[in-house]
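Chain nomenclature is as follows: A, B, C and D, assigned in order of appearance, with residue numbering initiated at 1 for each chain independently.
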Amino acid sequence: MDAIFIFEQLLNGLGYGLMLFLLAAGLTLVFGIMDTMNLAHGSLYMAGAYIAAKVHESSGSFLGAVLVAIVATILIAALIEWLVVRRLYSRDHLAQVLATFGVILIADDLVKAIWGPSPIMAPTPAALTGPVQLLAELPYPAYRLVLLGVGLAVALGLYLLVNHTRMGMLVRAGASNRSMAEFMGVRVGRVFSFVFALGAALAALAGALMGPIGAVQIGMGEAILIPALVVIVIGGIGSVRGAFVAALLVGLVDTAGRAFLPPMLRAVLPPSLAADLGPALAGIAMYVLMAAVLTLKPAGLFPARA
Amino acid sequence: MSSVATLPLPAGAGARPRSAASLLPWVVLAVLAAFPLIAPAFGLEYYIGFVRRLLIVMIAATSLNFILGYGGMVALGHAGFVGVGAYTVVAMVEAGVGSAWAAWGMAIVISAVFAAAIGAVSLRARGVYFLMITLAFAQMLYYLAVSLRTYGGDDGYGIYTPLSLGGLDGLHADIFYWVVLALAALVFAFSSRVAVSRFGHALMGIRDNETRMAAMGYPVYRIKLVAFTGAGAVAGLAGALLASHNNFVSPSLMHWTESATLLVMVAIGGMGKRWGGPLGVAIWLTLAEVLKLYTEYWHWPIGLMLILVVFFAPKGVATLFERKEKTQ
Amino acid sequence: MSATSLFEAKGLVKRFGGLLATDHVDITVEPGEIHALIGPNGAGKSTLVNLISGLLPLDEGSLSLDGVELAALAPHQRVRAGLSRCFQVTSVFKSDTVLDNLLLAAQAHAGSSFRFLSRRAAEDVLMETALRLAETVGLADVLGRIAGTLPHGAQRKLDVALALAARPRLLLLDEPMAGMGPEDSLQMVALIEQLRAQTAILLIEHDMDAVFQLADRISVLVYGRVLTSGDASHIKGHPEVQAVYLGTEAHA
Amino acid sequence: MFKPKHAVLAAVLCSALVAQAADPVKVGIALDISGPFAAAGAEARDGFDLAIETLGGKLGGQPAEFLKTDFAGNPEQANQLVTRYLQRDKIDFFTGPIASNSALAVGPALFAAKVPFISSNPGPSQFAGKQCNPFFFGQYQNDTYDEAAGKFANEKGYKNMVIIAPNYPAGKDHLNGFKRIYSGALKDEIYTKVGQIDYAAEIAQIRAAKPDAVFFFLPGGMGINFIKQYIGGGLKEIPLVAPGFSADQDVIQAVGEPMLGLYNTAHWTHDLPLPANAAFVSAFRKKYDGRYPTVYAAMAYDAIMAMDAAVRDVGGKLDDRAAVAKALAKPSFKSVRGEFSYGANNNPVQNYYLRVVEKDAEGKLTNKLVGTVMEKHQDAYVGECAL
């Protein structure tokens, strides 16, 4: 296990973490500001992936496909917000979980009816199919580098938006104390609409970007929803900074668990036991991390609400 | 003080005369008990097994309703305890135990131990954090079961010699049905009773105002932990019965969607209502069974129903019956 | 202060991040005494009540009631040791009846709550306690009402009754007059006066008339520190108190 | 939508005319068209539908009724629904589920009721070995695809390989099947999380190990994720070898170009030069917009054809279940996979073929037959079967 290998795995962990961050950022914003648990975020992610894949295939332009996916997903989100989520703002989390779980069930059947039950093709943009030689010994997938870049750019953009703009100030005010913000004359309704659209755009971006390296299929939203929820809970619900740190933490722990745990166990345990235990432990590393964090800090690493 | 008593002191609630509503459980029990005897005459033998499964899931839902409805603990890992119960039966079978009572008893004990340990950690968190940490533990159990080669892992584990009910074996072909019915009735009666006991009142107090309860001297954490452990034990019983019902156990029992489904069933039925669990299970499973007969697109009507329930019957279907009870 | 104080808090410290919310506070309460704690908004009065009742963990300091060390005890254990409290924001069980509220309070101090099979409704002892509490605070007429529908003053009385069920030796009252009209305030003052016979009281209050009327001793809290302690005339005459506190509020 | 109803109608009319067959033949079909195996399940459904249409809704000339229910890939639900098929509908044949765990869950009840279970995909080692049963009819045993892949790796001269599968018993079984035949060295044996999305860590391990080739068993979405990321990671020069279902048409159409040149093994391929197969493939492509069938569709089609032949062979007397099982065990129909017979454990003795993903004449990506890897091959578990 040489230095380059370890470096590469760190990069992989970072990459996976940033992928999770793209999805978790929208989720945590919506949750933090609107106090609304929107499980349908996973469905928006799926919508983004499907639309981007289909547009990319027919138009040949990946960038165009991503943009179309974002716009279309915002429209879908607006519809969902108008029909369902809007009525849930004043309800408890359980009601929100139940109703948006209902949205997931409907969305999955709808996608099946439109695009069929089989996974669909989501090609990698032609210019990014191969690897880039990062170091002499380290080729790295070009597309993953783009993902890393987009993830960091989104993180930076959100940081600037939340901390250095008027909208961000309103958003933070809404997140830390809704009634106080309303009292001070913040038009919370408009902030909500903005945040919901932003969340949908981030979900669509995540879905569109994941398509070329993953299966675009029904249920893809639920599969990644759980790690994304783990991320926002570890980070402290509502905290974008927390989501960023937690996403990188989960990405690194998950990747390190898979890359280093099995060989380490093989070194210290009998081979048959190590072969059974290693992958099993690597598989639950993320959950162990969350349980450990919540045991020490029951409201996550960066609690957004006092 | 301007307000004058609008109501006299309610006479001890126990002195209430027996109404039609209080007879309802007995009527339901009688109908269910007679069902296997009547069903063959109408060619409904298949539904004996269906109702048996319904009753088992009702046990699990009732246990969840106890912590969710009465205790305000929104747990998304309850299927984990169902799985622990089922896998305890598998482990007992693997170890050569043939008695259902021994296996089920052990399932209750082991799932209580798991629930106590998981609850001890999880109950320090609140709200969504509690929900997620219970989910995390259930996922750990799920992945553990998937990779446990001895008990079949993802392939599941078939129980080829059904467990023995001791002296009850051979009394009737459907004896297992009545055993399940008796246990379900017992769980229902027990949870209804606990709800009006000191413990139940304390638990509901914690649900409504945890800080106040602590300030009044209640050992809040211990009460919640006992409730969580008890609910886990009963869920374990449901898992053990499910293992005997299917004679097959697989990790899919513990998948997080199963926990979510239990939660949904209780919410549809009515949280904190004693009929909430049974009603929710009956509605959900019957609907799924019927819809699947007619279409491959059977998820969306359920999703739609879920949304409608949240909007129009936010306290569950059981409240519709409650209103009727009052007007009668 | 004498070594035989009923309640003794020494060197209480609480930090929120860099902010010193409670700065080495010492407070004693003698048996049968009403000790009032006053101070401007943000002086750290509520933090202090939460530290004493255990809802917030202490960073430093010790607490004892009748020689029993409280600092290591959980909130509910402090109640058992004889320390009971009310809340600034009324904290009752709003969707239950007044009677159910009182029964729940009575149950906490009459045997174990880990009883699963017997109906609570059948326990006459609890009913007696509940009725007695209702009499004490003057809610006997509205036992069947849903607590959340009661007028504000009645809800505050209920809050006090819930705390009284513990038969405390020290009662913490966190702004019992908050948000009350003059008539309700008078009733509350009478109630507190009447409680003096049963328990010592640490009273946090903004209503200066009530404080001067009730308190045997008054401590002034400013920026998390005790500025001074003494009887009503001492406080009224204290120049610093006038400057930081009375000056801004009493004459506003 | 309309066809099955017509079939039922036809069945009803026929039964009025044919006095001896008062009851139609009842077939219980478990579809997995939602849940984790939805893609394969939909392929199987298309295969069933085509077979039913081809036979005019009859089996062995008898009117027949085909019951289809979604099992959603959940063994618990499968168990429940099979009970319904058995007790309420009183089925004569069963087929359908995609996953081995569903098959294992429903097997015992079917066997106890003596209802033949003609597998349309799963071939768990249990049913080939210790729990073999005269009422189970496999189409391939799970390990045999991997054994064929192992033989191919030997013939190709791969000296060092990395093998990879999800961390559950079926994953280990598949890799064991490969290892049973493969005689080169193993650089690494990697087990991944079930349902894993990101494979960067494993791909880095493979790059570091520098093997001659990689054998992977990653069903469904996991395989799609892995292949996309593997090619994107620049490992194109290290060839991938897979069992057929990881490189079938459903995977090809979701992955696209990166599939080119992927070697895989199966007991059937759509360009097998046989009249029965040619007829099936052309009918399938005609019915389903020119799509190539997958091995799932082929097996589903064959399962119905096997029932058809068996009903004919016993002269419609389905009450004698032992006779029906005997008839099924001596297949008299023209299978799309060509000649085959059943071994002592009711698992097939048949050929296994090598396929490679290439472009067809129209430029569509699809599997091309390369040659036969194993002839008349029987699985490794037959010795454990007491039949």
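Here, contacts are C-beta pairs under 8 Å (C-beta built on N, C-alpha and C of every residue); 3 or more make two chains touch, one makes a residue touch a chain.
Just so we're clear, the structure is a prediction, and the values are computed from it rather than from any experiment.
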Exercise. Leaving out subunit B but moving nothing else, do the remaining chains stay as one piece, and if not, how do they split?
Worked result: A, D | C
Seminar exercise, completed: Counting C-beta pairs in contact for A-D and for B-D, the higher total belongs to A-D
Problem set entry | Geometric centre distance via CA averages, subunit D-subunit B, whole Å | 38
For this session: Could you please state the distance in Å, as a whole number, between where the Cα atoms of subunit A are centred and where those of subunit B are centred?
Result: 33
Exercise. Per the centroid of Cα atoms for each chain, what is the distance between subunit A and subunit C, given in Å?
Worked result: 47
Seminar exercise, completed: Residue numbers in subunit D touching two or more further chains are 33-34, 167, 193-194
Seminar exercise, completed: Listed in rising order, subunit B residues that touch 2 or more other chains are 143, 147, 149, 299
Seminar exercise, completed: Residue numbers in subunit C touching two or more further chains are none
Exercise. Can you list every touching chain pair?
Worked result: A-B, A-D, B-C, B-D
Problem set entry | Footprint of subunit B on subunit D - complex, ascending | 31, 33-34, 69-70, 74-76, 79-81, 83-84, 86-88, 100-101, 104-105, 107-108, 124, 126, 131, 167-170, 172, 193-194
Exercise. Which of the residues in subunit C end up touching subunit B in this complex?
Worked result: 53-55, 74-76, 79-80, 84-85, 87, 91-97, 99-100, 103-105, 107-109, 111-123, 127, 138, 141-145, 150-151, 153-154, 162-163, 165-166, 187
Exercise. If you look only at subunit B, which of its residues touch subunit A in the complex?
Worked result: 74, 121, 124-129, 131-133, 135-137, 139-140, 143-144, 147, 149, 256-257, 260, 263-264, 267, 271, 297, 299-300, 302-307, 309-311, 314
Seminar exercise, completed: In their shared complex, subunit B is touched by residues of subunit A numbered 31, 37, 84, 87-88, 91, 93-95, 97-99, 101-106, 108-110, 112-113, 222, 226, 229-230, 233, 237, 276, 279-280, 283-284, 287-288, 290-291, 294-295, 298-300
For this session: Enumerate the contact residues on subunit A facing subunit D in the complex.
Result: 5, 8-9, 12-13, 15-16, 19, 108, 112, 116-124, 129-131, 139-144, 212-220, 223-224, 254-255, 258-259, 262, 275, 278-280, 282-283
